[in-house]
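Each structure below appears as structure tokens.
Paired with subunit B in one complex and with subunit C in the other, subunit A is shared by the two complexes that follow.
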Partner chain A sequence: MSNNTILEIKNLSTTVGEEKTPILRNVDLTVGRGETHIIMGPNGAGKSTLGFSIMGGPAYEIESGSIIFEGEDITDMSPDKRAMKGIYLSFQNPIEVPGITMRSFLRSSLQQLTGKKIKFSEFNKILEEAMEMINMDPSYVDRDVNVGFSGGEKKKAEILQLLVLKPKLAILDETDSGLDVDAVRTVSQGISAYKKKYGGTLIIITHNAAILEALDVDKTHVLVKGKIAKSGGAELIDEINRNGFEKYIDG
Partner chain B sequence: MTEKYMINTSPVLTFAKLGMNGDTVRINTSKIRKENVEQYIFGNGIIANNDYEELLPVSASGEDINKLLSPDSRLMTVKGDAEVTLSFTGSGVVQRVIRVARGVEATLVEVVRGSATDAAINSTSYILEENARLKLIRIQLLEKDTLYIDDLRAKLLADSYLEVVRLDMGSKMSYIASNVSLDGKNAEYLAHGDYLLNGSQRLDINMIADHIAPNTKSDMRCDGVLLDSASKIFRGVLDFKSGCKGAKGAENEEVILLSPDVDNQSVPIILCGEEDVEGNHGASVGKISDEIIYYLMTRGFDEDSAIRLIIRSKFNTLTEQLANKELRRVINKLVDGVLS
Partner chain C sequence: MANVNIKDVDFKRYDFRFDESSDDYIREEDGFTKEIIKRISEEKGDPEWVRELRLKCLDIYNNMDMPCWGPSIEELDMNRIASYVRHKTDMKNNWEDVPEDIKETFEKLGIPQAERLSLAGVGAQYDSEIVYHNLKEEVAKKGVVYTDIETAIKTGYEDMVKEYFMKLIPPTDHKYAALHGAVWSGGSFVYVPKGVKVDVPLQSYFRLNAAGAGQFEHTIIIVDEGADVHFIEGCSAPKYNVANLHAGCVELYVKKNARLRYSTIENWSKNMFNLNTKRALIEEGGKMEWVSGSFGSRVSYLYPMTILKGDNSKMTYTGITFSGEGQNLDTGCKVVHVGRNTSSVITAKSISKSGGIGMFRSSVVIEKAATNSKCSVSCDSLMLDSISRADTVPAMDIKAYDADVGHEAKIGRISDEAVFYLMSRGMSEEDAKALIVSGFADSVSKELPLEYAVEMNNLIKIEMSGHKA
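Coming up: the complex of A and B.
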């Protein structure tokens, strides 16, 4: 592992359910600090499972392999510990938490992650700055977490959390799905700001090239039937957009 | 003298061996005194007046409750928003009739506190006249050595609206009976009860929505959290009487069980004496979903903190309705104490 490597997945195989249905099969992935990696693949290929596995999702059983983050084996670490190490997962279907405002939730979360008490005034400054980056209506943060938000608002709120929590590595699981053209652009700006301003590292699971317009992609991986069928540079995205996944599925 | 009283008897009986038809409670009535209950009224929204008499609605507690009540009631009229504290300094009984006059709209916050080892009995009837709207928030924070009997009755005249929001956290054993009689057409009743029980606390609920007039509506919700070896029984009755055409009623429960030793029973009952009605029931009983805990864990909360946050946030939705910041602080502190 080079000094520049932030995440190294070695020979990872996962299953789901009591019947141990295999999902990921011997996946290897190395991500350098500050890089942007794209994960593409047909439905059911295991893309979300890969994201959940990096973030300690309890629904998936790791059968073999390891996940190394900044040189430390986190394979058996609980999700909260992984978050404290600096990993963030933007959910494809963000959860609603009635009774707690986004403002209060994010402040508590930031305090948990940093282990420091953050004054309201100081926090509000951080929050306002993040909201500005993605043109978010200030009223959203005084509503309960994701409650009554549209699909697009929920995704935007996940990016708001990203900009407030400033993790070292962010996994974005189809953050662009269900968004209209303008919202994709806004979210894309937010992701770009995270990378440029905070030197963030990204793993982006997506079907949509539009979200990548404002980003420099370092590597693209095609995941098919739980395996990485092909890795390449940004050019692979165009190739898939033209020809689809067929040749990888058949291959 | 200690005697046995039947309490919270279900209007429709099931197999006796299930122990769900009602309960028997032993009370030493000689120790129960009216003087042991003080009523403090804050604000000008509610006034005591003895010039109002009305036939009391029937209790959901059962016939025996009348043996425990004193014959004279405290009569009051709601003019606007008010807060009332009922403070038990020992075993006591209070019987009140609260009238909300035609067209009046008000929020009434009632806090029940204190300690009563034999029994704390609170029997209150609310009469809502035509077009009256009352939001009643009742917070029960009695000491944990108390046996509490809460007998809420209401009569809703035409086009009136009653919303009952309640929180039951205190006392060792609580019997909550409420019978809301929707007497006038288009009357509407909304109830949302929350409870948080730990140790060996027990809560016995008997809620009835009695649909008498046409186009009446009721929606009863009862949500709570059981910890340690706490137990709860919920009997919810939607009673559609003949003639209540177009009436709609719903009853729902959400119970979070946080220990393998808790005991949770539910008895939803829908009685139909009228064809043209709609009655719905739903219940969700179990743990907090893994999905929501996981989401919070990915944001840095350990599992225990995540569970605490979820429960605390459930009670936030209730406390946020309280204008009294001090009361809000007291409840939040109690909730945190139970969850710590």
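Coming up: the complex of A and C.
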């Protein structure tokens, strides 16, 4: 593993449920620090499972293989410990958490992740700055986490969390789905700011090339039936947008 | 004393006690006999009618069957419960005069710090007797009466007590109401005169400190026409390996256009059998608001009941229960609509964990005369694991032709994905679950005064952090 590698997935296989239905099959993936990787693939290919597995989601069983983050094996680590190491997952369906405002939730999360107490005034500055980057209505942060948010607002709020928490590696699971054209643009700006300002590393699961406009893509991977069928550069995105996944499914 | 072998959570804040075998305490022998009742009556200097009522109630108790439904209370051996325990001290109006051990107990529980903060009056009962009572001067000046029943009888309110005492909850209501009528001691008597609005709450705190004993406090609140008051009761007890019994009675009278809010935070230890009865009678245009948080106890039977007697009277009930290992909390809410244009809203939540059982029963009766009445019941249960249980039993008896009645029940398990979501933001599994649970309880804690909301969140955290043998 080179010093520049942040994440290395080796031979990862996962199953779901009591019947042990296989999802991922012998996936290998190496991501360098500061890189942007795109994961594409048809529905049910295991894209979200890959994201969940890196974060340590409970629904999937790891049958074999390992996940190495910054040289440390995190395969059996709990999700909170992974978050502490600097991994972040933007959920496809963010969860509503009544009883706590986005503002206090994010502050306690940031304190937890940094291990430092952050003054209200200092935190509010961080929050305002992040909200500005993605044109977010400030009133949202004083509402309970995701409660009563529209689908698009939830996705924006995930990017807001990304900009406040500033993880080393962010996995964005279909952050663009359910967003209108303008919202895709602002979210895309937010992602780009995360990368440029904070030197972030990205794994983006998407169907939509529009979200990638403001980003320089380093690698694209096509995931089909739980396997990486093809890896390439940014040009692979155009190719798939033109021809679809058909040839990888049959191959 | 009956042995109850149960695990309890680590309630350090509540779990302390002083030796009550000392000469400072009077403790009745265990059991419930005529001789014991006569001695209690003598000791308390009851007027004749109270003495007679006690003996009549004992008779009813002895001749009544045990409830044939609900959780088992077989572990409760009535021959091993002391009906009366008191410190050899009189009720004090000055905190400094309260005996040291009792004072220390209440100070650890945050009383009377609470009084200094934001209360109009405070009462504190230790085992069988009220040891402290204080009402702010400006509230007393408005004619508000706040004392215990015994003192009310002796200080000019005997007729009023006689008019209201065990009238809403007659001793024939059920076996433990009869028992209560025989051995009742302490509690609260509140009278708010016509048109008087008490801006800040009154609070009574009940502490059952003795092992193998019962607490049978009686509460009467009369809110006269157009008056308004908020009454808070808090309850707690330290942990013992023997059964304790709580069988209080609460009778609430809300007159024309008056409003009463009655908030309860109960935190019994898990050797407690909580067989409490609460009932309210609401006159025309009156409003009754119940807020209830029930924690602890081995078994609870608790179903606050409201009779909407007057036209345009209203009731809301917002309650939550938390049942952990070895606990069976059978709770609910009853309402009877009698007057026209009456309305009731019942919102109940239950949390169960580690094999705990949370049962919610609702009983809604809309009488024929109660035209244009509305009732909505919603019940939401959260189970934290696969061994816990939640049940809902709604009963409705609608006799009016135009009633608008709704019932909604949701039972679900804590979502793994929600826990994962919070953990992915750096929260430990325990904290994530606690946050989800307190979010679930949020609609109830919002109804409580701030200090009590904080208290309830603490109780949830303690319950969530697990058990200690």
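Everything that follows uses one rule, which is that the second predicted complex is superposed on the first by the 251 of 251 C-alpha atoms of A that agree within 3 Å, B and C clash if a C-alpha of one lies under 4 Å from a C-alpha of the other, contacts with A are read in each partner's own complex, and residues count from 1 in each chain.
Throughout what follows, contacts are C-beta pairs under 8 Å (C-beta built on N, C-alpha and C of every residue); 3 or more make two chains touch, one makes a residue touch a chain.
Please read these numbers as outputs of a predicted model, since none were measured by experiment.
In the superposition on chain A, no contact is made by A:Val181 with either subunit B or subunit C. Look at A:Met84: by the touch rule set out above, it reaches both subunit B and subunit C. By the touch criterion stated above, A:Gly57 is placed in contact with subunit B and with subunit C alike. Counting contacts by the rule stated earlier, residues 55-59, 78-80, 82-84, 88-89, 91, 94-95, 97-100, 105, 108-109, 112-113, 144, 161, 165 of subunit A appear in both its interface with subunit B and its interface with subunit C. If you check the complex, the residues on subunit C that touch subunit A are 415-429, 432, 435-436, 438-442. Subunit A meets subunit B in the complex at residues 55-59, 78-80, 82-84, 88-89, 91, 94-95, 97-100, 105, 108-109, 112-113, 144, 161, 165. In the complex of the two chains, the subunit B residues touching subunit A come out as 290-292, 294-303, 305-306, 309-310, 312-317. Of all the residues in subunit A, the ones that touch subunit C in their complex are 52, 55-59, 78-80, 82-84, 88-89, 91, 94-95, 97-100, 105, 108-109, 112-113, 144, 161, 165.
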